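The two complexes that follow have chain A in common; it is paired with chain B in the first and with chain C in the second.
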Partner chain A sequence: MKYIEKLAKIDRRIIYLILFLTVLLPYLFKISLPMKPLPEVVQAYREIDRLPAGSVVMISIDYDAASMPEVQPMLYAILRHCFSKDLKIIMLGHWPLGIPLGIAALEDVAKEYGKKYGEDYVFLGYRPGVAAVMINMGKEIRSVFREDYWGTPLDSLPMMRNVHTYDDIAILVGFEAGSTGDYWVQYAQARYNQKIILGGTAVVAPDWYPYLQSRQIVGLIGGLRGAADYENLVHHKALAYYGMTPQAAVHILIVIFIILGNIGYLALRRRK
Partner chain B sequence: MKREVPIAITFISGVLLVIAFFIPHEPFGSLEQRFNDWYIIVSGFALILGIDSLLLHHWNKVSRRSKDWFHSLSLIIAFFVTLIWGFYSGIKTGHFLSAQSTFRQYFYMYVFVPLQATMFSLLAFFIASAAYRAFRADRFEAALLLFSAGIVMLGRVPLGNAVAPYMVGLVFLIFAYLLYSDGRKEVDPTRRYLKIGGAVLSLILIYPVGWFFLHYTAQTAGWIMNIPQLAAKRGIFVGIALGGIAMSLRIILGIEKTYLR
Partner chain C sequence: MAQVFWTWVAAFLTLAIFSFLYKDNPFYKFAEHIYVGSSAAFWFVYLWYFDIKPKLIDGWRYNTGFEKYILIIPAVLSIFMLMRFIRPLAWLSRWAIAFTVGMAAGLGITAALQGYLVPQIQATFLPLWVSKGSFWHSLGISINNFVLVLGTIVTIFYFYFSKEHKGTLGALSRAGIVFIMVAFGASFGYTVMARISLLIGRVYFLIHDWLHIV
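And then the complex of A and B:
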């Protein structure tokens, strides 16, 4: 029984070491596992896929570097999907520290597909005041963003000439690591009937299932799994897809640790 | 006057915005837009206030040589290095985040991003350790929560279906062993047979339950996320919304005055 009781007292440094190796080894040996995309991700993919060429997609960067490993691969996958279908992109953000991540992804993927700034994509940048920004954009985008992020007046950008309100935007994709996604639903969807897809960390994604069921959002990309599914759907397997094996291994490891901890705990409790 | 004027401003602004929501026509429609413009401007200045407060707080710690003053000093230095580097890059390349900007290339991408990502990555270690120590099936509700969490964790990853039967089988096996060893020590024959019977039932159930999870772990995880999880979330959302409305009304009507302090 003593050995079983020891299971309740594994040193945390051993746990850290095993966890570290569990993450590292699948990356070193590049092991990948087959996955069937989640229905909510397929739904998001189809909504974008059925848009006609030239439609405008607005992307909001509402995360920063802390959530980058989960959310950035989603952004790349969606951008690849949009540019491959000749959709126009307007990007903005409500998290100032995440703005450079959006710029980097937009420039990378635009270069990959030979897209031109001002004609195929525009970066609006950041304005403080989250809810007020969302409400005013429903009346006129220029009331909030007179110029793009680089100081060019919006009317001098060919792509923006006919884009004024949410009515001119086919889908809004919010990449989230906090509660900004809720604001998009409350203001852009509820007030202006804007179609929304939300993508975000695995921590915040469960909060959006009620919106998905009530059709207030038309797609949900949650966590690294969601990102990997989207990469799979656009046939461009990258960081998220290869990150799923370490994540699967860690999930299994944590479940094993929980079972071991409980065996030890039960053994101790019985003795007491 | 110090209290009456802010309460009057809050009341008038609140009532006008509520009217503007339900009557989005002139003059209320443009009034809402004007209010939002002001809000955006005030939010911008709030950032400056926040910076001022942060720097003042840490400068006081440094000047008084309070405990861990060195961390405060590093914050102040980091703040000014970021600010000066950003301005310098902005002036040199036209925008502090332009493709040629050293601020973006070096400071943001190679200093800020790895630091923030590292801080967040450490959570994986803490979560693993905390899950091992804190998730105890000491009550029925806790066991149910633990079981659901385990199924969702396994159901959302590629290997979940293959691994879940073994995990569930192990849990049933342990449960059977505990029931059997408890039952053996029982003096009351009814309780003894019940416990030993429970142990036998657990052993019998290993195969069908294992078979179920071999085929349906992902679906079970989806069901947990879409039905019980969603029902609880919706209840919480409705509660929060009602609480928000009640609090807003209290503020607009001047009943809640804590924001004036």
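And then the complex of A and C:
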């Protein structure tokens, strides 16, 4: 009985150590588990995959370094998918602290696929006023972004000459760590009927399933699992995919801890 | 060389923050203060370079006519907002707050109705029997639709407070709680996954970028 009661009083530092080892060991022993992509991620993949070459995809960076481990892998995977299909990318962001992350990923992947700035991709940067930015871009992108992030007028960039409103953008992909994804749906989708895919942290992803069910968004990439699925679909297994084994191991560990904690709690209660 | 140096700095700061899990210590405090200070500085620079300078200062310098003089209104409202720090003039900040609240409410109400409430209500008008493909496929979709419609109705009943939750209303609202709990459980499960993902990201950084073990 004593041992069972001890289960409810395990030192939290021991739990942290076991948790740390559970994350570490699958990496050290290179263990990987088979995965079947989630339907909502497959839906997002298919929407992008069926776009004809030359279509414009707008990507919004609405997260920062705190969400990087989850969201950055999905940004890389989507960029690889878009560039491999010769789609054009316009990137912007509503989170100023995330702008450097967007630039880093865009330049990395563009280099990988030999894409040229101004012809294949453009970085617009950040403008304040989330809702006002989204609404005004529906009328004319230049009313918000007269120039790109580096101060080049938009009309001097070949790719931007025929891009003026959401009508010229095939799909908008929002990478989110907060409520900006809701704004994209409420302003760009509801007012301008813009097709939207949302990708974001696992904390915000559950709130988007109603949008998926009502077809206000055409795909959903949620958390590290969603990123891993997309990496799998574009046949470029990277950070997220290899992170799924530690993720699965930790989930099993947490379930075990919950069961043990409850056994200990019940034993203590019975004694009282 | 610079990359190696910054990788070591990042690794040190990661371990310093993790050290809090053992107990509070000077390394943790040091890392925490660096984080707060650098975030504040970054925000300040960004607000200056992406908000105040291009929108207000450059706007005043390069715009003409209406586009130039309209900028007086946000400039004055911004100064009013700062008046919060001067007690005798603090009341002026309410004008700026009133403008912000009014604008946000106007935008928010339209957006919520047009972009959330109406489409979500429309999406619950579902057939309770769908004939599509095989019998089992049809049954699966029909059950999904039924659960969705039932869940929406009983959850709304849970938030009906004008009558005591007894009898039929009590039973419906209790069913509503079950659906709400399932939703909370799903959200909690996702949140656990998110937090573990952050740990995985840091551990991968330590063993891959810093120690080069994997």
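Convention: the second predicted complex is superposed on the first by the 272 of 272 C-alpha atoms of A that agree within 3 Å, B and C clash if a C-alpha of one lies under 4 Å from a C-alpha of the other, contacts with A are read in each partner's own complex, and residues count from 1 in each chain.
Methods note: contacts are C-beta pairs under 8 Å (C-beta built on N, C-alpha and C of every residue); 3 or more make two chains touch, one makes a residue touch a chain.
For clarity, every value in this text was computed on a predicted model and none was experimentally measured.
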item: Touched partner set for A:133, first chain B, second chain C, both or neither; value: first
item: Chain A residues touched by each partner, larger count belonging to chain B or chain C; value: B
item: First, second, both or neither for A:239, with chain B first and chain C second; value: second
item: Contacts of A:25 with chain B and chain C, given as first, second, both or neither; value: neither
item: Partner chain(s) touched by A:270 [first = chain B, second = chain C, both, neither]; value: first
item: First (chain B), second (chain C), both or neither touched by A:262; value: first
item: Which superposed partner A:251 touches (first chain B, second chain C, both, neither); value: both
item: Which superposed partner A:185 touches (first chain B, second chain C, both, neither); value: second
item: Common ground on chain A, meaning residues reached by chain C in one complex and by chain B in the other; value: 12, 16, 19-20, 23, 66, 68-69, 97, 127-128, 202, 206-207, 210, 213, 223, 225, 247, 250-251, 254
item: Partner chain A, residues of chain B touching it in the complex; value: 29, 32-33, 35-37, 39-40, 42-44, 46-47, 94-95, 97-99, 104, 108-109, 112-113, 115-117, 119-121, 124-125, 127-129, 131-133, 135-138, 146, 150, 153-154, 156-160, 163, 167, 170-171, 174, 178, 181-182, 218, 222, 225-226, 229-230, 233-234, 237
item: Chain C - residues contacting chain A, complex; value: 21-22, 39, 42-43, 46, 50-51, 55, 107, 111-112, 114-116, 119-120, 122-123, 148, 183, 186-187, 190-194, 196-204, 207, 213-214
item: Chain A residues within the chain B interface of the complex; value: 10, 12, 15-16, 19-20, 23, 33-36, 38-39, 64-69, 97, 99-101, 103-104, 107, 127-129, 132-133, 135-136, 139, 143-144, 149-151, 202, 206-207, 209-210, 213, 223, 225, 244-245, 247-263, 265-266, 269-270
item: Touch list for chain A against partner chain C, complex; value: 12-13, 16, 19-20, 23-24, 27-28, 30, 66, 68-70, 96-97, 125-128, 131, 182-183, 185-187, 189-191, 201-203, 205-207, 210, 213-216, 222-225, 239, 242-243, 246-247, 250-251, 254
